[in-house]
Amino acid sequence: MAEFLSLHDAVARYVEDGATVAMEGFTHLIPFAAGHEIIRQGKRDLTLIRMTPDLVYDQLIGAGCAKKLIFSWGGNPGVGSLHRLRDAVEKGWPHKVEIFEHSHAAMACAFEAGAAGLPLAVLRGYVGSELPSVNDQIKYIECPFTGERLAAVPSVRPDVSLVHAQKADRKGNVLVEGIIGVQKEAILAAGKSIVTVEEVVDDLEAGPNACVIPGWAIDAIAVAEKGAYPSYAHGYYPRDNRFYKDWDAIARDRDTFQTWLDDNVYNAGGQA
Amino acid sequence: MSNEYTSAEMMTVTAAKALENGMTCFVGIGLPSEAANLARLTHAPDVVLIYESGTLQTKPEVLPLSIGDGELCESALTTVSVPEMFRYWLQGGKVDVGFLGTAQIDRYCNLNTTLIGDYQAPKVRLPGGGGAPEIATSAGEVFITLKHSKRTFVNEVDFITTLGFGRDGKTRDGVPNIGKGPTRVITDLCVMKPDPETKELVVVSLHPGVTRDDVIEATGWEIRFAEQLETTPTPDARELEVLRDLKARTERKHAGEA
Amino acid sequence: MAEFLSLHDAVARYVEDGATVAMEGFTHLIPFAAGHEIIRQGKRDLTLIRMTPDLVYDQLIGAGCAKKLIFSWGGNPGVGSLHRLRDAVEKGWPHKVEIFEHSHAAMACAFEAGAAGLPLAVLRGYVGSELPSVNDQIKYIECPFTGERLAAVPSVRPDVSLVHAQKADRKGNVLVEGIIGVQKEAILAAGKSIVTVEEVVDDLEAGPNACVIPGWAIDAIAVAEKGAYPSYAHGYYPRDNRFYKDWDAIARDRDTFQTWLDDNVYNAGGQA
Amino acid sequence: MSNEYTSAEMMTVTAAKALENGMTCFVGIGLPSEAANLARLTHAPDVVLIYESGTLQTKPEVLPLSIGDGELCESALTTVSVPEMFRYWLQGGKVDVGFLGTAQIDRYCNLNTTLIGDYQAPKVRLPGGGGAPEIATSAGEVFITLKHSKRTFVNEVDFITTLGFGRDGKTRDGVPNIGKGPTRVITDLCVMKPDPETKELVVVSLHPGVTRDDVIEATGWEIRFAEQLETTPTPDARELEVLRDLKARTERKHAGEA
C-alpha cells in the first residue's frame, strides 16, 4: 500500500547500496528529482537499468553511484553524447562501469516480461546484430510449434524502480499520461517502487482505460514538483531543450560537472 | 524564392521523396525525422509516422528534438506504451518502412551506432542501437539517410549494431519473417541501392553538380556506380519553402523554451 | 486502409468458407450483428476462436458454421450452459465440432503473441491442470536463464477477425472503450479485420492513451447500430440480461432454436 | 430484523469473512463475487476486487451477472486489457487471493469445471477453465466456495481443470513460483482446510445446526474432521442486512434491464 513519504525518506528506505535500480520515463517524465536524491544520499554500487540513460544516469554515473549499466540507447537526445557515461566506459572515471547493452525492443520486452512475472522475454530480435556477441545475456529459444529461433533476454526485475508521474490521488493511486514508456512495467516488475508526482489531487479525472497504477501496487509516493525537470511533464511543463544542449558543455569536463553537481544537487537541499 | 539549395536540403528533400503517400513509417530521430515530416507536409499528407516513444500516427507542427517530445504525443492519433510499440506495431508487422540514420555504414549496408574501435576498449563510445536493430529486420524495408564522408562510409563497420545484409551480404538469406532490409541510402551526394544479387551498395543517382569522383572520395571502399546512372531531381520551390518553414518554426519553438 | 463497407459486403469479401475466424469482445461489445451476417451468408467449416464463445458462437455453431472451436470458457455468463455448443460437442448436432480448449490466461497470451507477430506465447500456466493432456497445442519451453519450465501455446493469428467498437472517425480510426478485452489484439493479429461500430463521428474525442486503432490497421468498417446487442456497448446501451436468460430456453431445444434463427437472423434482413 | 438466515446466506457471509481488509482478490463470478462484495460492504472496505474482464479495483453497486458487466468497468479504478490482466496483475504476482467456485472438487481440492464423464465423449460438457487454472497457481492463496453435495464433493474429479494439490496431494511440491493453493473451502455446511501435511481436506468448522453426519452424507469420500472442530460464527444482523440489500438491489437492476 502506497505510503506518502518525503523523497528523502523514500530513497533512504528503499534504495540500498548495491541494489538493482530502474528509473524510467521515455524522454517524458524522467525522475530527475529522485535521481538527485540518490546522488545526495551517496548511494553506491548500483546496477542501473534504463532504456535511455539520458542526463539522469549521466549524472548518477558521474557522481559515482553506478557499478553496472543495463541500457539500449545512451545518448543526449537530439544533442549528442552522454559525456559522463563515456568517461566512465572509455576512461574509467570516476570508476569503471560495466555495461550490458541491448536494443530498445529487447529492453521493452524485458520490462514487459518483468511486469508479467516471467523470467525471460522472447522476441524476434537481434537478427544479424553483433550485440549478442558482446552481451551474454542474449540467448535463444526454439519455438516448439514452428521451429523458429527467437531471441530471449532475462526479464527486468529491479530491486527498486523509481518513476515520475503527473498526479496521485489521496489513496495513492497514480495517473501516468502522455508518453507512458515503460513506467507501468517498471513499477510492476520491481520489488519496491517509488513514484514521485507533481501533485496530489482529490480525483485523478482519468478516462476508463487510462494508465492508472493502483496505490496497493506502489510502495512510496513522494511529491516532487517539477520532479521531471529538465525533461517534461505532459500537462504541467515543457521540456527544457536548452538545458539538454547546455548539458553537453557541463558534462564534457569533469570539473565543470563537479561544480554543477555541487551547486545543483549536493547543496540544493531537498529538491534540485 | 530562388531555387538555390544546400546539399543538406538536397539530401532531406530526396529522402522525403522516397516515402510514398499512405506508407507507414517508423521514424528515427534527426535526419529521418526531418525527411519524413517534410514528406508529410508535401507530397505524402497521409504518410503515417510512428516514433519509438509510442506515438502512433503523429503530425508534429515542429520537428522534435528528442524521440519523445511532447509535440509528438499531442499531435498523435494515440500514444501506446513502448513495449506495445515494439511488440504490436513493429514486430507485429505493421510498419512498411523503417527510416534510419547511422554513424557508420558499410558496403553491405550494415549500420554501426555502437562504438568506434574495439567493444571492450572503445575509442569512441556512441549511443548504441536504440530501436534500430529490430526496425531494420521487422520493417518491410529500410531507408537510410546520412551525410556522405569517409568517416561514415567505411569498408567494414567496426560493429554491426543493425543488420544491413551482414558482413558477406547474405545474412538475411533464408531467415524467416524478416524484412527486405535496406532498399535505398540517401546522402548529400547521391542515392544508393543494394545490388539485387550481391547486396553491395551501388550509386544509382548523383545529385546535380556532384561527380563520381566526389562520391569515390567520400566513400571508404571502391564504390560501384549503376550502368544507368541517373541525376537526382532537384528540389522544387515548394519543397524548399516547406522545409525552410519547418526548420524555422522548429528553431523558434526550441529556442523559446524555458 | 479501412474501407467503409456494408456489413454484408465486408463479410462477403473477407470471411471465406474454411477460414479461421476470431470474433472478440469480452462480455462487452460482442459482435452479434457480424455473427448474424456470417450465419445469413451460410459460411461453413469455420475455425472459430474466442475466449468466451458466449451466445454469439452458440448461434454460429447451432447454425452449422463451425468445424472447430478454440476457446477457454464456453458458458452463458451468469446463466449456465451454451446448449448449442453442448449439443454439437456431446451429440454432434448439426455436426461434430472439434474443440481446442485453453485457459483464459493462455488464450489472452496467445492473442497478445499474435498481435506481436510471434509464433508462440509463453506463460506460467497449466501447472497441474489436465488440459495439456487433451490439447496437444499446449507445449513447454525451458527458460535459458533460470531453467524454469514454462507453458507455450501457438499464437492466435486468424485469417480474419471481427470486433465491434463504439465509434470510428471518418478516416476509419476506431475507438474501443471500457472493457477492451482482447479486441485490439484480435485485429492486429489477423490477416484481415472487420470492425463494426455504433456510429461514425467527426472526432473520436479520445484521451491521449485511449485504445484507438488506426484505420490503416483495419480492412473494413461497417456501421452496425446496436451491433453488440444483446451484449452491451459502454456509453450506448446496457446488456440485455433478460435476453441472456431467455436464451437458455431458446437454445435448449433444436426446434425452438431453429425458429429463433429463422425469425431473428435468416429473415431479419441486413441487421438482426 | 431477526437473526434467522438461510444456509446460502450462512455460506456467503462465512466466505466473505475469509477476506481480510486490504487484500487483493481476483474474483470469480457467482458465489465468490457475492461473498467478495459483501466483504467490501462490511468488514473489508479496502479489499481490492479484480475481475478477469480487466476491471481493477472495482466497486460495483450491484452484483454483476457476467464477469464483464458495465457496472464493473464504471466503478473500477481503471480497466486494462485482458492480456494485461492475466500477465501483469495475475501472473505478475499482484493477487493475494483467488476466490473461485467450481462444479466438482475432490479431497485434494482439485477443481473440475470442464466436464462430467470422459473428455472425448462427455456426459455433460461444462463451460471450462476460464481464468481458474492460473488463478489457482499464481494467486498467493485460493479460497473456494460452493454448495455441499455428493455431486460436487467427489472422491476424484473427472478432470483436473484447476489444480488443488493434484491427485496425490503433492503436485505443488517443488514447483517454482507457485502460490500456496487452496487454503479454505467454504460451503453451506462447513469450512474445510487442507491438512498441512497430506493436503487432504479436513472439516475445521461446522455451521450452527449442521452435524458431522450432514457433512459425511454430502461428501463423496470419507471426510475427516479436525480434532478441534469449531462452530462457525453466525451472521450478525448487519451482515445479513447488507447481503439482502445487495441481492435485492441486484435483482431490481437486472430485472429492470431491457
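When the chains are written out, they are named A, B, C and D in that same order, and each has its own residue count from 1.
Keep in mind that, in the parts below, a contact is a pair of C-beta atoms (placed from the backbone, for glycine too) under 8 Å apart; a residue touches a chain by one contact, two chains touch by 3 or more.
Since the structure is predicted, the reported quantities are computational estimates derived from the model, not experimental observations.
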Practice problem: Return the chain pair with more inter-chain C-beta contacts, choosing between A-B and A-D. | Solution: A-B
Quiz item: So, what's the distance in Å between the C-alpha centres of subunit B and subunit A?
Solution: 28
Practice problem: State, to the nearest whole Å, the distance from the C-alpha centre of subunit B to the C-alpha centre of subunit D. | Solution: 57
Quiz item: Once you find the CA centre of subunit A and the CA centre of subunit D, what distance in Å lies between them?
Solution: 40
Quiz item: Using the touch rule from the top of the page, what residues of subunit B touch 2 or more other chains?
Solution: 73-74, 79-80, 87, 91, 138, 177
Quiz item: subunit A: which residues touch two or more other chains?
Solution: 112, 117-118, 123-124, 146, 148, 178, 180, 184-185, 208-211, 234
Quiz item: What topology does the chain touch graph have (line, ring, star, complete, other)?
Solution: other
Self-check item: Interchain contacts (touch definition) - all pairs
Solution: A-B, A-C, A-D, B-C, C-D
Exercise. Within their complex, state which residues of subunit A touch subunit D.
Key: 1, 112, 115-118, 173, 184-185, 188-189, 206, 208-212, 214, 216-217
Exercise. Within their complex, state which residues of subunit A touch subunit C.
Key: 117-120, 122-124, 137, 139-146, 148, 150, 152, 154, 177-178, 180, 207-211, 234
Self-check item: Interface residues, subunit B side, partner subunit C - complex
Solution: 22, 24, 48, 56-57, 73-74, 76-80, 87-88, 91-94, 138, 177
Quiz item: Okay, in this complex, where on subunit A does subunit B touch?
Solution: 26-28, 51-52, 71-75, 77-79, 81-82, 85-86, 89-90, 101-106, 108-109, 111-112, 123-131, 134, 146, 148, 178-182, 184-185, 211, 230, 232, 234, 237-244
Quiz prompt | subunit A partner contacts - residues on subunit B that touch it in the complex | solution = 29-30, 52-55, 64-70, 72-74, 79-83, 85-87, 90-91, 110, 114, 119-120, 122-134, 137-138, 159-163, 166, 171-172, 175-178, 254-255, 257-258
